[in-house]
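Naming follows writing order (A, B, C and D), and every chain is counted from residue 1.
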Amino acid sequence: MLIGEKKFDRAPFRYGIVGGGRTSNVGYKHRLGAMRDNTSFVLTAAAFDLDFDRCKDFGKNLGMDESRLYPDYKTMFEAEAKRPDGIEVVDIATPNFQHFEVCKAALEAGLHVICEKPLFFKIEEGIEIQKLAKEKNRAFCVTYGFSGFDLLSQMRAMILNGDIGDVTMVDLRYAHGFACDPTGDQQAEGQKWRVDPAKSGPSFVLGDLSTHTFYMSELVCPHIRVTELLCDRQSFIKSRAPLEDNAYVLMRYDNGAVGRMWASAVNAGDMSSQHIRIVGTKASLEWNDMHPDELQYQVQGQPIQTLVRAMDYLAPEALEYERLGALHYTGLIESWSNLYNRFAVVMDATDRGDQETIDKMVYPDLAHGVDGIRWVTKCVESADKGAVWVKFDD
Amino acid sequence: MLIGEKKFDRAPFRYGIVGGGRTSNVGYKHRLGAMRDNTSFVLTAAAFDLDFDRCKDFGKNLGMDESRLYPDYKTMFEAEAKRPDGIEVVDIATPNFQHFEVCKAALEAGLHVICEKPLFFKIEEGIEIQKLAKEKNRAFCVTYGFSGFDLLSQMRAMILNGDIGDVTMVDLRYAHGFACDPTGDQQAEGQKWRVDPAKSGPSFVLGDLSTHTFYMSELVCPHIRVTELLCDRQSFIKSRAPLEDNAYVLMRYDNGAVGRMWASAVNAGDMSSQHIRIVGTKASLEWNDMHPDELQYQVQGQPIQTLVRAMDYLAPEALEYERLGALHYTGLIESWSNLYNRFAVVMDATDRGDQETIDKMVYPDLAHGVDGIRWVTKCVESADKGAVWVKFDD
Amino acid sequence: MLIGEKKFDRAPFRYGIVGGGRTSNVGYKHRLGAMRDNTSFVLTAAAFDLDFDRCKDFGKNLGMDESRLYPDYKTMFEAEAKRPDGIEVVDIATPNFQHFEVCKAALEAGLHVICEKPLFFKIEEGIEIQKLAKEKNRAFCVTYGFSGFDLLSQMRAMILNGDIGDVTMVDLRYAHGFACDPTGDQQAEGQKWRVDPAKSGPSFVLGDLSTHTFYMSELVCPHIRVTELLCDRQSFIKSRAPLEDNAYVLMRYDNGAVGRMWASAVNAGDMSSQHIRIVGTKASLEWNDMHPDELQYQVQGQPIQTLVRAMDYLAPEALEYERLGALHYTGLIESWSNLYNRFAVVMDATDRGDQETIDKMVYPDLAHGVDGIRWVTKCVESADKGAVWVKFDD
Amino acid sequence: MLIGEKKFDRAPFRYGIVGGGRTSNVGYKHRLGAMRDNTSFVLTAAAFDLDFDRCKDFGKNLGMDESRLYPDYKTMFEAEAKRPDGIEVVDIATPNFQHFEVCKAALEAGLHVICEKPLFFKIEEGIEIQKLAKEKNRAFCVTYGFSGFDLLSQMRAMILNGDIGDVTMVDLRYAHGFACDPTGDQQAEGQKWRVDPAKSGPSFVLGDLSTHTFYMSELVCPHIRVTELLCDRQSFIKSRAPLEDNAYVLMRYDNGAVGRMWASAVNAGDMSSQHIRIVGTKASLEWNDMHPDELQYQVQGQPIQTLVRAMDYLAPEALEYERLGALHYTGLIESWSNLYNRFAVVMDATDRGDQETIDKMVYPDLAHGVDGIRWVTKCVESADKGAVWVKFDD
C-alpha cells in the first residue's frame, strides 16, 4: 500500500492544463487524478477556457495564482517557458480537434504531455507526434481514464500467467443511452461538439467511447493483436449522420482469437456501460466499470469466483497502487489517480534517462494512443465500405 | 391463475414419444412439460430408443404399459393406428437428422406433431412439411423449450405496447462453455451426435443453441424481421470443423434496427448462458434464463426497474399461465409446461376447426420452425463465404 | 440423475387430499410435488373443499373420477377404506386448525400422512400424534416445501463436512411485504384465516413463515440445537393483534453458536423473502429462495465462490435428485417434487419394515414438525412475557 | 455539480493531524477527504506518530515542511499557536483512548476539531466536551466516514418526504470477517489496539463498526429515536473477552418502529459488510457500502427500483455534492470528501457566526458523536446484564 507516499525523489511536477474548465466534466477528473496525494503533480498554470474571464474566475476559485491563468495555450507555453518555476508538463483536455496542434506545440516547448483520447483524427498525425516526442525525449501519456483500476491489472496478470488458458475471445462493450434524446446535441455543452465532425473527428461513439475499452483489451491482452475488423455503424438519431451513435465491430486476432465491440450512446437505460470479458480455452474473466472492485473468474466446471480488490490473494500488480484496504471500495477517481501516479514516475524516469523504469511501466503511452486512432480509422473505413472486413495494420 | 385446471373440454391427448429415452436429457423435459397437471397430455406409447430392451426397461420403470413400447417409430405409428385408443400426437425428441422423416410419417399417419428444434437440415424440407401439415390439417409445434417463460410474454406485451419506443437493437446470446473440453465429443452420448454433421446437420451451436434465442427474438419482436445477416463462425476445437463451436452474427432488420447473436459452447465458465436484450428509442428490456422470473426494464433517465413474475402489475399475457403465486419462483419446467399447455389447446382447436383460437395463440409453430432452419442456413452460408452479408429471405 | 425413473419396486401410492382445492395456492404445489414423474403418487381421491359442489367441479376438471370426490375427510376415509384400491396416503392441505383432527383420523384409518406446516397449535398435540404414528407404524411427512432444493442438501453436506469450520451463527429470514395492505385480511381467501387465531393458531408469521426457515436451519445444521430464544413480536396492522405480522428472534445454541430470525409479512417491497446464512469459524454459506440454484460459499480471505446446481463439483447428496442438467434452472416445484419423492421412498420402506432406508433418508419428519410447533410456542411465550429469554426444550 | 470549486469565501483551512501516520489506514482517508479539490483544507502540521523519526520521514515524504512536524500533539498545539499561519483545525486519528484528552486540549487551544469515532469511552466525557465546544464556539465534527455518500442523502430525503410511508423497521448491519483469524490480534498494528480494552474502550465491534451504521440510521431517519435496546454480545475468539467480536442488538423506537443491528468482525468471508434497510408502511429503501452508488427502492406491489447516483431524478440533496457525472461511479473517498467539504463550510460559518448555515448543514456533529458513545454504553450494559432490555436515554 502506498498510503499516499511519493514514488520518486523530486518535488511534484508543475503542470499546466489546456481546456477542462468550469463546464468540463473530464477536466475535473484530470485535476483529481493529478491531485491525489498532492505528491506527484501540482496545478500551476491553466488556459481553461476560450472565454478568458470564465477561465480566470474558475482558476481563482480553485485557489490558483491569477498570473498563471492564460487566455490560450500558446500564451501559456510562451510565458511559462520564461519562468524558472514554469510548468514541466501540459495536460490537454480540449475537444478532440485541438489535440494535435496543442500536443505539437507542447513537445516543441519541451513539455511532457498528458493528452485526452481519442488522440488525433489521422494515423499520420500520430506518427508525426511519435517522431517529435522521441526527438524531444518527452514522455507522452494518454488518459484512458478507466484503465487504472486495480482489477484490470489483476486481469492482465492472470491472462499473462495463463490462468484462463489461451485467449479465444475478446468481448468488449461501452454502450450507454445518454444520447437517446437528441436535444442534448443542441443544448449540452459537452455533447454539442461530440456530434460535430469538425470538432469530434470522423466518429462519435467509436472515438468517444470504444477507444477506452479497446485500450483496456490491449492492456489485459498485450500478447495478441487485431489483424482484421468489420464495423457496422448507425446514426439512430438521423441528424448525427455521418457520425454514428451506435456501432458493432467484429475482430479477428493474430492468435486465432475473435472479438466483438459494441459502442453506443443510444443503448437506452443501461447504467453499467463498460464491460470486458476475455474468454480462454479453460476459463473466462469478466469486469465492468459499475462494480470495478469485483472481477469474475469463471473456470469451466468449477464454482464461479468473484475476486475483490485489495485482498491478499491478488497478484502483486493489482496491489501495488492499492491505498484503502479491503472493504473500502473505490471509484473512478482511484483509476485516474493510479494513472497519474504512473505518468509522474514515467516523466521522472524520462528526465533521468532511466529507460528500464519506463520499459517496465504499464500505462497508456503514445503507441496505445496511435492504436486508438487506428481503431477509429479502420472501423470507419469498414463501415463506410458497407461493413466489410479490413486489415487493421496495413 | 390456472391452479392446474383443464383449458379445453375433452380428455387429455394420448401421445407417443420417439427418442428421448433413458439417457436423454431433453426427453425428460418433454415428458414433464406434457405431464404438468396431468390434464393436457397422457404418455401412452413410446419408441424411446434404438436399443429396444433399454426402451422397454425404461418405459416400464416409468409405469407404462409394455404393449405400447415399440422398437421404432414406424412400428409405433402402424400399431397405434389400429387401436381405438391409439395415440393422437407424436412428440419427436430424436437427434436432428431423423426429424424430417419422422415428422413426415407422423403427419401422413394423421398425428399432430411436436418436434424438437432445429427442425430439419434444409429450408425445402420445412416447406414440404408445411404443405403436408396444411393438407392433413394437423397442428405442428416446435419445442423451443425456453420460450414459455411468463416474463417473455411480458416482454412481448410491453414491446408491442410501445413501452420501449421503436425497437433499435436486438442483442442475443446463447453462449456457454460446456464443450470447452473436446473429450465430451467422443464420450458423452448427448454431445457425440451434435458434433457429427451427418446427425446434427450443417452446424453445431448455431442450430443447437442459437435457434432457441432467435425464436425468442421473433416471439418478443413479432413486428420486425431480419433482412440481412453476417456470420463469422469458428471451430476452436479443430476436430469439430466444419461444425462451429462458436459464432458471431450481425443482423439488419426491416425497420432499421440492427442486432447481434453470440452462439457458443466454448464460452468457458459462463453459467448464465441465454440472454436477450431489446433496445428501443426510449427504454430497454433485458432477460436471462438463469433468473427467468426477473425482467429488467430500463427507461433512459429513470430508475432501473426489475419486474418480477406473478405480480399484479404485469400484463395479462404474463399472468395467463401463472400457477404458483408471487415469491414462488419457477424454473425451466414451467416454461415447458406452458408450451405444452398451449400445444394442447392448439390441437384441440385444430380438431374442432376453431381457427380463431389457433390464430390468437402465441406459440412456436411450423413457420417459426422453418425460420430456425433459415437462420442456420443463412448463417452457415454467410460464414462459408468468409463472413459476408447475405439476404435472410431470398 | 433420475430422469424420472421410479425409486422403488411397487406401483405409485394412491393418495387422497384434504383441502387444497380450487382457490388454494398451496394445494397446487402438493399436487405437482406428488405428480412429478407420475411414478411415486397418483391422485385418487379428494375432499378438496367445504363446498362440495366446488370440490366436485374442480376434481372433475382435474380429470378425477367423480366417485372418489368426497364432501369431507371423514366420508373419504370411510369410503376409501372399503375399497380394495382405496387410498394409502392422505395429504392434508387445510388451514392449520384442522391439521390435528385430520391427522389423528388418518393414522387411525391406517394411512400414511403428509401434512402442511405448522403442524398443530400445541406441543402436546404433536407428542400425541408421535405416539399414534409409532403405534400404527405409519410414515408421517411434513411439507416444509422449500426444503427440497438440491443446494440445501449441498449446504448440509458442506457443513457436516467441516467446510465452514465450526458453526458460530445461524442467520435466518423469511420476510416479505405481501400483508402490508390490511384489506387482504378481509378479502383474500388465503389471507383471511391466517390472521384469525381460531384458524391459524397462536401466531401469524412465526407459524406461517418462519417454521419453514427454522426447519431449513435444522436441515443444514442437524448437529446443533437451540437452547434459548428471545422473541419480540409486533402487529403493525393493529387489527391483527394478538397475532404478529412481524417478529424478531434471537437464538442461542448448545455449541455456543448464536442466531437470528426475522419473520415478516410487512417487509414492504421485498421480493427475495427467504434467506439462510450459516457462519462458521472459517467460512460462510448463504442461500436465498429467489435464486435457489446458486449457493454462495465465502471463505474468509479467498475469492467469493458461487456454487451452481447440477454441477459435478457438488456433493453426491446435492446431485441425487437432480433431473435437468446444468444450465437448466429449477424452481419451487422441483423442491416439492424432491420431497414427495423422498416421502414415497419412506412410505415404501415403512410398509416393508426397512428401517435402514428410513433412518438414512433426510426429510422433514414428525420430529421436525413438532420442533416447528415448539418454535412457535416458545417464540410466542417469550414475546408475551415482554421479549425475554426462554428455554427451548424444557 | 461542484466541479471542485470552493464553497466559501476564504482560503482553505490550515489543519494539523494527530495520529494517522504511515501505518494508519484511516489516516490516509482523512488526508484524502481533506485534500479533495485542494480548496477546503491544507495539511499544515502533524504529530503523526509516537515514533518521531517515523513521523518526520513520513511527513517529508508527503511533501510537508519539516518544521511543522511534531513529536506529540501538545508540542504541536503550543508551537502552532505562536505562528500567525498556525493551524486552525485539528484532525484526530489516534486510537480511541486518546480522543478525549486531545479533543479537550484542542478546544482549549481554540481549534476546530475533527475527530474519529467512537468518540470517547463515557457519555459524561461527551457531555463535558459538548460544554467546552459551546463555550469556545468551535466546530466539532465526527468522521463517520461512510456517511457522506450521495445516496444516503437521497435515502434521508425520500424518508422525510414520506416516500416509504411511516418507518416501521430499521435493519442495520456492519458485519465482516476480517478478525476471524486471532493472529491479527497480536500482529496487525491496526488490530492490536482495537482488542485491548485500555485503548479501544468497553467494546470492540460495537464501537469500531456499529457506531458507523448507527449514525447512518440517525442520518436517514432523523425523526425517530431509539427508546430501548437489547444486546447479546459474544467473544468467539475467547482471548478477546470481555470485548465482543460479534453482537446482536434489538431496538425499539419512539414511533413504534423496531430495529436490529448486527455488528461483527467474525462474519467469515462477507465482503459487503455494511447494510442499511429502512422499512416503511408502503415501501423500503436498502443500501450497502459495496455498491454505494445504487439504492434499492422497493414499493410493495410495484417493480423493484434501483436508483443510481448522479441521475437527474434524484433529490437536490443527493446531487449537491455530486462531482463526476452519471456512469462515473464513486467510492469511499468521495464520501470522506463530501464530509470534509461540509466540515469546512461549518467551520467557516462558525467563524463568521452564521448560525443559519450551521443549522441547515447535515453532518455528523458532536451530538451524533455523543449518541455513538451512548449506543456503545447501552449495548454493553444490556449485554453485561444478560441481554436484557435497557432504556436508551435515561
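To be clear about the criterion, contacts are C-beta pairs under 8 Å (C-beta built on N, C-alpha and C of every residue); 3 or more make two chains touch, one makes a residue touch a chain.
Quick caveat: nothing in here was measured; it's all calculated off a predicted structure.
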### Message
If I rank A-C and C-D by number of C-beta contact pairs, which comes first?
### Response
C-D
### Message
Centroid from C-alpha atoms only, then distance chain B to chain C, rounded to Å. What do you get?
### Response
34
#### Entry: Separation of mean Cα positions, chain D and chain C [Å, integer]
44
### Query
So what's the Cα centroid distance for chain A and chain C, whole Å?
56
## Note on the structure
By the touch definition above, chain D meets two or more other chains at residues 178, 271, 297, 301-302, 304, 308
### Message
Going by the touch rule set out above, what shape does the chain contact graph take here: line, ring, star, complete or other?
### Response
complete
### Contact footprint of chain B on chain D as seen in their complex
297, 301-308, 311-313
### Query
Which of the residues in chain A end up touching chain B in this complex?
164-165, 168-169, 171, 177-178, 180-181, 230, 232, 234, 236, 246, 248, 250, 252, 256, 258, 260, 262, 264, 266-271, 279-284, 297-302, 304, 386-389
### Query
Quick one: in the complex, what on chain C touches chain B?
3-6, 11-12, 22-25, 27-29, 31-32, 35-39, 43, 58, 61-63, 176, 178, 271, 273, 289-293, 308, 323-334
